[in-house]
Structure formats: structure tokens, C-alpha cells
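In order of appearance the chains are A, B and C, and numbering begins at 1 in each one.
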Amino acid sequence: MSRAAFARNAWLVLAVLAVLFSLQFVLPDYQVLMATRMMLLAVFALGFNALLGYVGLLSLGHALFFACGLYASGLTVYHFGWGLPAAFVFAVGASAVLALLIGAVALRTIRVSFMIVTLMFAQVGALTVLYFAAWTNGQEGLSLPASARVADLGVATLDLTDALTRYNIAYGLLAASLLILLVYLGSARGRIATAVRDNEGRTEMLGFNVFAAKLEMFVLSGAMSGAAGAAYGLLFGYLGATFASFQYSIEPLLFTLLGGAGTLLGPLVGVLFMVGLIDKLSELTTAYLLVIGVVLIVLILWFPKGILGTVRERWLPWLM
Amino acid sequence: MGFGPYLLLATLEGLVQAAVLSITAAGLSLVFGVMRVVNVAHGEFVMLGAVIAWFTASLLTGHPAMGFAAALLVSPLLVGAVAFASERVVLRRLDYNPEATIVATIGLLYILQQTVLLVYGPDARPVDPPFYYTIRFPWFGYSAYKLFVIGAAIVIMGGIWFVLQKTRAGLVMRAAQYDRETAQAFGIPVDRVSAWVFALGAMLAAIAGVLVVPIQQAHYLMGADPLLLSFIVVIIGGLGSMSGTVLAAVLVGLSDGIISMMFSPTLAKMVSTLLVALVLVFRPNGLLGKAAR
Amino acid sequence: MADVTPLLVATGLKRHFGGLRAVDGVDFSLPAGEIRAIIGPNGAGKTTFVSLLSGRLEPSEGRVTFAGEDVTRLPAYRRVQRGIAYTFQITNIYLTKSVADNVRVAVESRARRERGVEFEAATLEALQAVGLEDRAETPAGELAYGHQRLLEVAMGLALRPKLLILDEPTQGLSDAEIRAFIALVRRIAETATVLLIEHNMDVVMALADRITVLARGQVLAEGTPAEIRANSEVQAAYLGTPC
């Protein structure tokens, strides 16, 4: 990618971040909450898309990393009374280590086997949450007490029950994730990642350790998804087994396909459309997950490049 | 009850589970073998089979055996039709691209499951077994219907074997499984075969659904377990290998039945899922499957 | 330069697929600076043999030594890093990336091992070597077939290999393209050793210093083009006379 194209993408990301920052001053309370959730789910989907969009690996088990972050942070706070920043850092580290272990095994498979293996590992994760019900309270889950959601940082107090504080933390995490991916993809490592995605055999025969390149992205992806889960658990104060379920592995796939796999801002766009839609539908019917099925099939049949993928193809070839 | 009888009971329960599982997994294996499609919606076909069995049985008054027999006929036909249609409308258009078809069958999973939730509701409902008869062992009584399920599974698996090995349809399927391009070149309509195979796989799942519903009740979320267990069976048995599938179903059914009675069922599932994921990574042809061609 | 150790040595190399002995005990030695051609009837095990050299396949038995180092157990990418470049029999490039970006990936590989690689200069140099500098910004997928093959060679060159393995490089090229290709390989041979699998005997005779003939996974003959031309066993193998 040329320097000019990279600069355009950087400006675009900064512009989107500026808009998101200013939203907190205009949105009504209910929508601030919704936007906070969306930004965290977008971080989750960004991590998923790092793997699918840039090295071409479709994981069906990313709920494992989201749930790992969620429980690693939440349980240390709940059971051991850890401080919020320490719990968050610990959770991101734990997710990265888990991704390293899972990746080292799962990346020995390709394509369909990779999808099934990741799905099964995530299933093991979901069962683990249920099995250790003494710690996790199983299906019902745990609520973090309000007292545990206030952190004294010395210079300031962080009150996670405050809506705007939560908004800005989620915003900070999203901004950091976008910038990390922007820099990574603009670097030589990003070029190697997409080379692996486009033609694995060729890339190996140019002297690159393809396995290491995939594993590196797998760990980045797992850590980012784990960070999203950790923030989700701490900001909303609830840890439930649902977050480890198959549905939470499918949602980032859905967001990414809708927004456009392999586009930096695609997952965010996908979240914006889907989360709003799902929330509206859930007020109308209990069978609101029907929409997940319909949208998946419509996308895969008629719109496989997604929103930003199509925009890139038709109008803006420089989008990354 | 002493350990011996306890083990006998666990073994019987395991065999019943193995029976249902081998039918379900045979469907999954057939679809994967011939079409190279991993059908994530396979468990929903079991669920749909069970729910349709409930509707059929509740419409027919009279002896429960009537309703059951009708369900055994109506359920697979309807489910097969649904599968046939989804193959034509969705999977065929994707050219059977492996990743795309998995995503599509995930979509199908949600559509089937949530439609049933809309129409049938969130309750679990039982269907009467065709007959009530309890076999008296010295230590416990055991439902004869469950033994009937084992017998039915043996008959059905024998039928599948016969169709695959001895009939023209089976020859066509095996040819398509062995080498799509060559089969096509020899004038086998591989494209149409795919639709029938997908329908047949779903019908097997539906039959399994009808058979379990007197034991287990029909519920819109009941598809998850059969899906996971079928995956486990097909992976251990070797993807696409029918005899491996049957052996693996007995192995998994028995060990799951026995381990679940001795330990926590959640732990049993956790350990077996983990082990099977590792089998898929390190022994991709299965523990029982032959080496790759 | 007396008594130079060969650049590449294979000893007792075997590769079996089930019962099929694709490569069945090959001893092979390639001195630096040579253009060597490997010929043989279809199914002789040529592609399997070079795959064992480049590391895309692991041998069932035997050893491969490159530049004095035993590389038998090294994965392919490490062999590439040591100087063995391989171009595929079927064109294998990044179809959606531009021509220049294709070459940049190869340059990046070199830049990870060597200091002071001038990125753009190295890219341009490789493109100029094959005459594709005018097409630098074209998506590789839009190139004509002959140009795609040249791009693949350019990627190999950008690695600055000690040994360049070309697997049937002239397949599907026009006569004019083949003439240009022969000239290109001669220029490459000034800085690298070339190992060439080739069906077109005119190309082989025009380029090769020496020829190795494989049949049924074994070395049938080895010698100068003139010697091979005169060898009756080779003629028999090509004509398919039963022996």
C-alpha cells in the first residue's frame, strides 16, 4: 500500500473516532448505554476480523476469548477483590496466553477443520463455565457489587456505574484497537499477513514462516476479543454463561460479514446496523434471533463482500 | 443396587444413546462424505423431526402407536422436503464452497430453531411411546420402548448399508463421494444427487428425532446436543466413513452413558469434546478411519 | 578454484506415497554456477524430486545438503531463507495485489535477513530483469499468462537466491516468449545456480550445461546435452520401450 493510501485511511479512522467522541454530548441517556455496548462489541468484532479479514482464518469459537476476558477480569474482582485496572490487564494477558495455546494447536488444521476445531474448543470453554458453577454461578451468572465497580486511581476515582465514564472507557478501547490494527496493517507485518491470506503456499516459498504469521495474528485477535470481554464484564457488572455460548461466536462473524470482512471499519459498521436491529426485534418477539439466520444467508448468497467491501470495490479502492 | 446392575443400567442407557446417535451421525457423515458440506444445522433437523412428531401425534387421537407410526412417516418426509429446498435455494448457489456452506448452515440453524420457537413455543412437550411395557430385571425395570429404539437403529443402519452397497442409488452416491469430477464425466448428475443426499441426511436426523421424542420430549433447543455428539462421532470415526461412524457411535454412546452416570455429565462432555478436537488436529482421518486416499 | 564443494547434494533420496515410489534412491550433485536441467518422461518423479530439494515435501529417506549444511529436516521457508528459491509449475502469484506489491513481498523476505536492502530499488531491479517495469501498478491477475510466469521469476530473483529452481517455466509460453525466456535464464545464471525442470527439449539443449534424466524415480543418466542426446537408454525411456 502506498503512503498516500495509508494516510487517507488514517484520516478516515481519526474522523470516525472524532465523531464517536462527540456523540456523548448529544445522545440521550438510553442511547449512550447502547453506544457503549456497541463499541465494545465492535472491539470484539475487530479482533475477529483481524483473523478472518487479514489472514483469512474463519474461527467459529471466538466466544472463548470474549468469555475468557470477561471471566478472568470479573472473577478476580468478585472473588479476590482485585482492583479494576489490574483485573483488566490480567484478563487481556490471560486471553493472549489462551489464544497462544489454542492457536498453536488449532492452526495445525486448515479451512473446515479449523472452523470445527475452534468451535469445539469454544464449546469446551462454555462447558467449563458451567462445570465450575461454584465459582461462576453457572447459567445464572454473577453480578459484581457496586462497591467493586469503583476504582481509586490515586489522582481520580473511576466510577463504572456512571454512564459517561463507561462510554469513554469503551471509546478508549475502541480507539486503541483501531489504531493498533491500523499501524499493524500498514507495517511490513501487515503485508505478510495479507500475503498469507491471498496465497499461503507462495508466501511460504518466499521464505516466510506462515505458521508464525498466523499465530501472531491469532494471539492479537484473541487478546483484542478478550479485552472486549473484560471491559464488557467490568463496565456492565454482569458475568453470564451466555457470553461463552455459540451465539457469541457467531455474532462477530455476522457483524464482520455485514460490515465487510477485511475492511478496518467494517466490523464497526456491522455492529451499528445489527445490534440496533436485534434490539428493536427483541422488543417485538422472543424469536428475534431469527434475524441472525436470515441476515447470514442473505449476506453469503448475495452480498458476500459486505457494506464496506462493496464500497471499496465500487468507489474507494484505497480502503484498508 | 450393587455395582453390577448399576453398570448394566448404564450400559443399556449408553446403547440407547448410541442407537439414536448412530442414525443422526450417519446422516451427517453421508452429507459430508458425498457433498463435502459440514452441516451445522444437522441438529436442528433432529429437533424439527421431534417437533413435527409432536404435532402429528397430537392431531391423531386414538392409540398412541397410531400417532407414533404416522410421525415416523410424516416427520422424515417433511424434514426431507425442507432440507431439499434449502439445498436447492442456498447451498447449490454457493457451489458447495466449504466455508460459505458452513456459514449458510449456521444461518439455517437459526432460521429453523427460531421459526420453531415462533410456531411451537418455548415449552418442552412429550409424545407418548407407541407402547408401554416394562421389562423386569431382578434389580430394576427397563422400558421396552428403549430396547425397541436399539432394534430400530440396527434395522435402519442395515438399510443404509444395503442402499449404499447394493443399489444403483448407492453406487451413484459412492461414485460422487469418491471423485466428483470423474462421476460427473461419467454422466452421473452430481448436482441432483447432492440435493437428494442432503434430504436423505436430514431424514435420518428426523427419524432419530422421532425415536427420541418419547424418551426426551420435544423442545426448540434440543438440537445442540445431537449436533455436538454427531460431530464427535463423525470425527472419531473418520469423516465420511460409514462403518467408522457406527463404531464410533457405539463407543461414544456407551462411554458417554457410563461416564455420565459415574461422573458429572458436564465434565464428561467437556473432556470428550476436548479430546475429539485434539483427534481432529492430530489424527485428521479419525481414530477408526483408514489412511487418506 | 579447484575442488569446489557442490552447492547442492542429495544422497539416497527417497519419497514414497503409500506403495508408489515417486523418488526411489536418487544421488544428485549440483556445482555452483551451473545450469542443470532435469528431464524425464511423465511420472518420472521430477516435481517430487525438486519438492524434496525445496522442502515442500519431506523425504522418506536420504539427505539433502545445501552450501555445506544439512537441510534435510529444515522446513521449506528456512531453505528459502538460506538461498533456495522455487517457482511453481502452475503459476502461483498474488492475483489481487499489484505486480510491484507481488515483488515487494519477496523483497521483504530478503530485507528480514540482510541489512540495507533498498526496498524500491530492489523491487524495480527485479521487475526490470524480467521486463515488467511498465506494468508495476497492474493487478497481477490482469496480466497475460506469459507475463504472470515472468512475474513469478521476478519474485524468485528478488530473493537473490543462490539456487533458483524453475519447474516447467516455459509451459504455455509462445515461441517468441520462450526465446526471451532463454536469454533471461542465461542472465540469471551469471549470479545464481539454476535447476530447471523442462519438457521442451529445445530449451533444455539451448540452456543446460548438464542434464540429469529421471525415470521411475531413479537417475537414468547424467551428462552434457551431447552425451544425453546420444544415450540409447534415454531414447528408450522416452519412446517407452519395455525393459
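One rule holds for everything that comes next: contacts are C-beta pairs under 8 Å (C-beta built on N, C-alpha and C of every residue); 3 or more make two chains touch, one makes a residue touch a chain.
This is a predicted model, so every value here is computed, not measured.
With chains as nodes and touching pairs as edges, the resulting graph is an open line.
With centres computed from Cα atoms alone, the innermost chain of the structure is A. Comparing the CA-atom centres of all chains against that of chain B, the greatest distance is found for C. Per-pair tallies of C-beta contacts place A-B first. Distance from the chain B centre to the chain C centre is 51 Å, each centre being the mean of its Cα atoms.
If you average the CA atoms of chain A and of chain B, the two centres end up 34 Å from each other. Averaged C-alpha coordinates put the centre of chain A at 44 Å from the centre of chain C.
Contacts from chain A toward chain B in the complex involve residues 58, 60, 105-106, 108-109, 111-113, 115-117, 120-121, 123-124, 127-128, 130-131, 246, 250, 253, 257, 285-290, 292-297, 300-301, 304.
Those residues of chain A whose C-beta lies close enough to touch chain C in the complex are 188, 191-192, 194-195, 198-199, 201-210. Of all the residues in chain C, the ones that touch chain A in their complex are 54, 56, 75-78, 80-81, 85-86, 88, 92-97, 101, 104-106, 108-113, 155, 159. Contact residues on chain B toward chain A in their complex (touch as defined above): 38, 90, 93-94, 98-100, 102-104, 106-115, 117-118, 122, 224, 228, 231, 235, 264, 266-267, 269-270, 273-274, 276-278, 280-282, 284.
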